[in-house]
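Data block below; observations after.
Chain IDs A, B and C follow the sequence of writing; residue 1 opens each chain.
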């Protein structure tokens, strides 16, 4: 890490915390919705809400050696997932009525938040830029991948329009913006926006990656 | 951790060790039985026995940052799983003849043991009460969940009568009993019994959680 | 660890590094091939290449408490997987034309390399011989198992002719050769060859383990 970055560890940790918690809230609701649609009971809804909300961050923390994972050491993470999943269960009539476009928009926002949080946290503990980009991607898609593995289906995020790729581009944008010397908060906004915009554009235009 | 607890680390570690090993033995036999019923060969039987017996504890240890996991650092864990899985394979005629009610009873005992061991170990390393309850639940259901993931089916424990919920209630009972100042051994027995009783009652009466 | 081993940590670490990287390259190509056969897009091909190449080593490192895993801390691991997976994608016409027998031979070589690297690394960090043998096996089969879990199918390696068993025998050979006092490099070659030979023979003769 360069000197400027080491001079503001508090601010960088705060960016990770805020982006992580905001992403956790969004993804917990999303997880609860997908579990209620699969007719799971209250426990199943809470388990899937936890997995989608916390799975990506836990995987990232295990991989970068930040042990124990923040989602275990800091009770606010699971408590937030519990509350959001519980609220989604109680108010299921309203929640299940959320339109598909709005869900995709919320999910894209969560993806951008997690891509930023994951990349920044990996950099904070001294992981190289290239691997930090991968860690940002893992943070963004990890929860959804584990949910699909638990539900015994091939992860959607490996199949749909530039999903993991959007997280990857967001993470790479963060690295690039830091190299250009932008302020930490500007880097975070730029990276999250890049991820969000690419995901929304890819859904709108049906962009796909090439096949062999 | 409070002063009283810190004064008897040896006793608390012993409770974890004994409950962990007893649960490991029970779950290794159960894993071997489910693998033999699925027509797997000797290796498959041993792998599934290991996964069911050690998967929950390994997941707990990775999540709470107890690294390396006890099941890797202490050879008695895998050796016990190896011996119990091997014995189940050799004496498969007798083992496969165990009646379903007896299997459910053994499994409920293993679940109670792991719920106690998991919660107590998380508390021992300084995890908050709320998250420790979740870790006790993960220890109880983790092995079965990983087995079902490996066998490409939706985890049974997310579907059947108050299975994970029983582990959760057992873990919560441990926390409550400690708050009330009961002796560590009394807390452990109370918590294990609560988990066991709830699981058996839920099977008998077919209790289910609500759906949205 | 005995005195002789502690005297040559550099050489032992080098054996792990070289075997790990060679296995990573072979398995990345294999992963890319299986993903291209499953009609995945460029991202899916890269993800599966990463999983098959790095999954076993990451699992081993998490289990033995070598944190963060080498595949995250050392950028050469993911860079190698990226380059090999990318080359397989670009030259897919040639790569997809590789004959089945040659693929099995390459895979058996990768399996031997990972079994050696996994066992040696576990011993290097002070894991007991018995558990180190299991860690060698996990390193060899882990990537393939995680790939199959992600693709929602029962892991092939639990079903085909002495696959995991070959890794286990290779790992056990390494332990035995070290006990006999052979030079580290001789132990590694002997163990890798034992795994490779047993795997090839089992495919040729269709050897199977017994069922209950």
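Miscellaneous remarks
Convention: a contact is a pair of C-beta atoms (placed from the backbone, for glycine too) under 8 Å apart; a residue touches a chain by one contact, two chains touch by 3 or more.
Everything quoted here is computed from the prediction, not taken from an experiment.
The pairing of subunit A with subunit C is characterised as different-residue: of all residue numbers used at this interface, under half are used by both copies.
When the CA atoms of subunit B are superposed on subunit C, the rotation angle comes to 120 degrees, reported as a multiple of 5. Taking the mean of the C-alpha atoms as each chain's centre, subunit A and subunit C sit 30 Å apart. Multi-chain contact residues of subunit B (touching two or more other chains): 62, 67, 149, 152.
Within the complex formed with subunit C, the residues of subunit A that make contact are 62-65, 67, 127-128, 130-131, 134-135, 145, 149, 152-155, 158-159, 164-165, 208-212.
Residues 36, 39-45, 47, 58, 62, 67-69, 72-73, 75, 78-79, 89, 92, 96, 149-152 of subunit C touch subunit A in their complex.
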